[in-house]
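The following block contains the structure, expressed as structure tokens.
Labels run A, B, C, D, E and F following the written order; every chain starts at residue 1.
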Amino acid sequence: MFKHDKKLLHEVKVDAPNQNYAAMLQEQLGGPQGELKVALQYLSQSFRIKDPQIRDLFLDIASEELSHMEMIATTINMLNGHVPDANNATIGNIEAHVLTGLTPVLSNASGYLWTAAYINETGDLAADILSNIAAEQRAKVVYEYLYRQINDKGVRDTIDFLLNREEAHNTMFREAFNRIQDTGSLKDWGITKDSKLYFNLSTPGDQFFNADNPQPASFNNPNQSTH
Amino acid sequence: MFKHDKKLLHEVKVDAPNQNYAAMLQEQLGGPQGELKVALQYLSQSFRIKDPQIRDLFLDIASEELSHMEMIATTINMLNGHVPDANNATIGNIEAHVLTGLTPVLSNASGYLWTAAYINETGDLAADILSNIAAEQRAKVVYEYLYRQINDKGVRDTIDFLLNREEAHNTMFREAFNRIQDTGSLKDWGITKDSKLYFNLSTPGDQFFNADNPQPASFNNPNQSTH
Amino acid sequence: MFKHDKKLLHEVKVDAPNQNYAAMLQEQLGGPQGELKVALQYLSQSFRIKDPQIRDLFLDIASEELSHMEMIATTINMLNGHVPDANNATIGNIEAHVLTGLTPVLSNASGYLWTAAYINETGDLAADILSNIAAEQRAKVVYEYLYRQINDKGVRDTIDFLLNREEAHNTMFREAFNRIQDTGSLKDWGITKDSKLYFNLSTPGDQFFNADNPQPASFNNPNQSTH
Amino acid sequence: MFKHDKKLLHEVKVDAPNQNYAAMLQEQLGGPQGELKVALQYLSQSFRIKDPQIRDLFLDIASEELSHMEMIATTINMLNGHVPDANNATIGNIEAHVLTGLTPVLSNASGYLWTAAYINETGDLAADILSNIAAEQRAKVVYEYLYRQINDKGVRDTIDFLLNREEAHNTMFREAFNRIQDTGSLKDWGITKDSKLYFNLSTPGDQFFNADNPQPASFNNPNQSTH
Amino acid sequence: MFKHDKKLLHEVKVDAPNQNYAAMLQEQLGGPQGELKVALQYLSQSFRIKDPQIRDLFLDIASEELSHMEMIATTINMLNGHVPDANNATIGNIEAHVLTGLTPVLSNASGYLWTAAYINETGDLAADILSNIAAEQRAKVVYEYLYRQINDKGVRDTIDFLLNREEAHNTMFREAFNRIQDTGSLKDWGITKDSKLYFNLSTPGDQFFNADNPQPASFNNPNQSTH
Amino acid sequence: MFKHDKKLLHEVKVDAPNQNYAAMLQEQLGGPQGELKVALQYLSQSFRIKDPQIRDLFLDIASEELSHMEMIATTINMLNGHVPDANNATIGNIEAHVLTGLTPVLSNASGYLWTAAYINETGDLAADILSNIAAEQRAKVVYEYLYRQINDKGVRDTIDFLLNREEAHNTMFREAFNRIQDTGSLKDWGITKDSKLYFNLSTPGDQFFNADNPQPASFNNPNQSTH
């Protein structure tokens, strides 16, 4: 069951209305790396997870992402200002002005409507957790792009908070990944010699990687390595 | 520049035409974890990569995935048989029978047309490589599902080859990931205390993970651990 | 902020796994009249509502619809059974078997992926509430269709509950509509003689309706009139 | 059978070409509340209606909406001017300049292509008429937004006409709704106590509505109440 | 202005309800080569055509395609029978059973919703007429596929009529193409030596075509050559 | 099998970065008449072609279109400049700035994501070749629009090359069309009197075309007639 608490997860504010920033921020409301996408991806994946601790983790984060979506939408709403005025917007989609009376829309910055095609779910924990680690990394990257192009202190504070939360989620998904080593798709297939081959199909030039004697990848968590 | 060699990357055959298997295999031609998706994802990402070795890796694998797509399409074509006969299909989409004269379609098993919404690209190497590691793991999982439900030795041999190739790609993407530690989005943001918090939003129940003192995730490569 | 309570809003069960029923029930998970659609429609509309009581109503119902979505997904999950087996499904989409390892998918019964194109929001309370009244009526109709074609007592109990909840929501949206008479788009435009015309464009045959001297529509609430 | 009369339903003109206004007006050609949507919604619904008078009403209005679409497209065509010049447009989609040689496109103001996902049809007259009442109200709202942002007398006259026609349609759909009381989904389900419950899921705060003792909603038609 | 005549363009009937045939015939209602697509393609293209005779041709045919759409929808409606019964359908989409109470849907045979992405319009007469010639040829092919797989005399008579109409349209579009030789994109670009090159990119094997000394293509109209 | 040669098919350059030109050029990367569309259309069609010479032609051109896609993407990449800066773009979609770190996106100029709905394939050679002739003509038209609006010598040289290549492809497809006269859908249906009728549905005004006694269409190839 889902419940709504009228308090935001984290307070948001904006220095001033700015229609262009509103359009840009739409990317993280209804875009492929946005909050709605991750919320529904983790929720969808959770529907069949049997491990109660991992299921709880997915639902904790899904709920938080829904709460992030609400923060982003509230921020866009403030940025949209008070009067529809498409003629003074200069970038991004203009749906808020011609369609929704300035209400945020479930689309990306260019007006492409949100689609469940953004969601990855496989029913395999290893694949799903890796999908989520990647999704969090991408979300972080988009927040960095937005931070650099938006000169509004209030919005930047919100982005900074959300960006750090993606790091936290990433940390926890990596922790979960460590717990499921040698399960599911990480172990269940006899590997043949075909998995050792390298096809050097883009030429000229040698191959610089090797499928035959790999090192395991390691994630040096940014929390630990720096800052 | 792309060139086509009329020889398939790996020979394919089928024991007998089977319309249902054809529909099921469509999932890996035009579905979200299919060969067209990964081919175009790696190709799109490569457009702005500056590191020549990693760019070469992405293009090697993109070319191979296009070649896998051709293998899958050839297999579907054989499975579709000789005469459109929608009435004798019983599962999956029927477009091959009513629309394309049995030519494979760029859709998934249920007829949803391929969309670029499946593609993730961010311009950040860390995020893109993680996206690709996850994509390869998901592709492997879908091939496992198909293998178990398709009782045709020819098709199974093809699936086995392709599944092992996803493992090889995964190994190489992990190797690439190791090379870019502490670059791009893996290092470029000052982490705040917000990244250490856990919001326990799904209740009742404790939290079982911890954002504060994480261990780095490790990928035990299946090539090494087993089989 | 959204919180998740691990208890379902209302317990669900199924008599037996049934892949076809699972596919049919997908319609109300990820279809145009399904639970995800209404949840996100009401949530999106709420982002700019100023009246605190009506905003609260929209968020109460949005939260309940998210909780319905969870009930439907849990039911589909049970109906999907234990082993992917596309060959024994006979209707609807087969994504649960080839893509998601039986995890419910955000699509309709035929595999069309959920899209924000299903959502109506205008920023005008009158238009939005009328949209919601209509959405609840449509959701009820789809539940009736499903009830009649699904012979599983457990599923029928769940459908009966959900269908009655749509009635409750409809009642409350009508109540809200009564409170906003003569506001927003219900009053803010000078009506001209053009609004009294009837263009009889489908012929032969007279016109049977009249735009000139209308009676206000009345909603006889089914709660009161019958049963 | 459909026939085309070369005379427009109502003459249109523009004061001057204006690429931005052209893009904005696209919203009502190919957007979710636009003329194509309502035309095809009413036409689709009519395919199975048995009551000959209501079927006639739906087809009268569907034909009129097709005729409105033609008026809007003709207006966009005039506004698009004479030479593709994407560089001097500043808002909205630029497809008219790069793709169609200034021919209007079946998309919304931001270039999202029209999709049948916008259409609601259920085969139940009550649900369909309510859908149409809501659709007309939303169309009116969008025309109000456009009217306020477009300073071209010719375009405003056209918008004023179309907006008033939505009122006329709304009146007639309400009249139709009154005729079908206690039929179809308005009566065909035994209401249980579940339909009287209120779940107060958004907190803190009381509930301000009540599902238990509702008043029927009433539509005070704007034709009668004001102006 | 569009007007609707309650008489169908050509009477339709079916021998017996058949849910599978209904699903298959959906392909020509809401699929990429179906009647809605061609109707809206020709209508969209007509919005900017200056030549009054060619504009008239496009609108004559657009109106006829809308009338074909109505014939197909009426046929599907009859084939859908009397009671939603998804469990007894075995192929194609099941939306008519779970969503629309057997009303035809604007989707293809597999439930993919109609999209304006199917439409080609360029504002150049030569390109648009060639698009239409190709569209008519494709529509004919799909009708042939359906004819061969549907054993219902009533439906076959309708398909035969529609297929012959596509031939008639094709003839007329070719006639129009002949009238515009050496106009628009057929003449307006200085051809360089680059247009004479052949890149033999699929190997091994020679090239079998030649870009350098082409013969003009000729359309031997099937009306004249045979039957 | 596909192979990638790191050399472009034809060198590209730009005079200077220009974000608006980058957005406009996206139309031919991921739009309905763009390079990805034709590449995948010809490749998809080739999957079932039996005639080895025509199959080779389709694969030669498909490979070339993939190579064109790479040229366009490389050009967009150069035009996108060095720093994401959505605020200084003024037209088209802004995804390169907020989502992809300036990497080209598989969307059209207004941000609509590429979809397989753009692809036409029928399994009938005549219909497919006509589709391709039309596709090449449309691609040429879009390149003309872009050429006229982009004042960058480097980009114009690339467009000029690509436009001429579309002419070459068109010539070769016409040549192929001549070879298959009286085969497939060009001959396989008994034409009835229904194919001779003209329905004059757009009135007032006579009919200016005639379905009864047509002349075959002729393609005067622009290579021959002029320049």
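The criterion applied here is as follows: contacts are C-beta pairs under 8 Å (C-beta built on N, C-alpha and C of every residue); 3 or more make two chains touch, one makes a residue touch a chain.
These figures come from a predicted structure and were not determined experimentally.
The set of chains touching chain B and also touching chain C is given as A, E.
Of all the chains, the one whose CA centre sits at the greatest distance from that of chain E is A. Taking only C-alpha atoms, you rotate chain E by 180 degrees to land it on chain F; that is to the nearest 5. Comparing D-E with the candidates B-C, A-F or A-C, the pair whose contacts agree for more than half of the residue-numbered pairs is A-C. Look at where the CA atoms of chain C average out and do the same for chain D: the two points lie 19 Å apart.
Rounded to whole angstrom units, the spacing between the C-alpha centres of chain C and chain E is 34.
For chain C, the set of residues touching two or more other chains reads 1-6, 9, 32-33, 56, 59-60, 62-63, 67, 90, 93, 99, 101, 107, 110-113, 115, 117, 122-124, 141-142, 201-202, 205.
Shown are all chain pairs that touch, namely A-B, A-C, A-D, A-F, B-C, B-E, B-F, C-D, C-E, D-E, D-F, E-F.
The touching residues of chain A, when paired with chain B in their complex, are 9, 32-33, 52-54, 56-57, 59-60, 62-64, 67, 112, 115, 117-118, 120, 122-124, 126-127, 130-131, 133-134, 137-138, 140-142, 144, 160-161, 163-165, 167-169, 171-172, 174-178, 181-182, 185-192, 194-202, 205, 207-211, 214-227. Listing the residues of chain D that touch chain E in their complex gives 1-9, 30, 36, 40, 44-45, 47-48, 56, 59-60, 62-63, 66-67, 70, 73-74, 76-77, 99-107, 113-117, 119, 121-124. Residue ranges on chain D touching chain F, taken from their complex, read 1-6, 84-87, 89-90, 93-95, 97-99, 101, 107, 110-113. Residues 20, 23-24, 27, 31-33, 90-93, 108-112, 141-142, 145-146, 148-149, 201-205 of chain C are the ones touching chain E in the complex.
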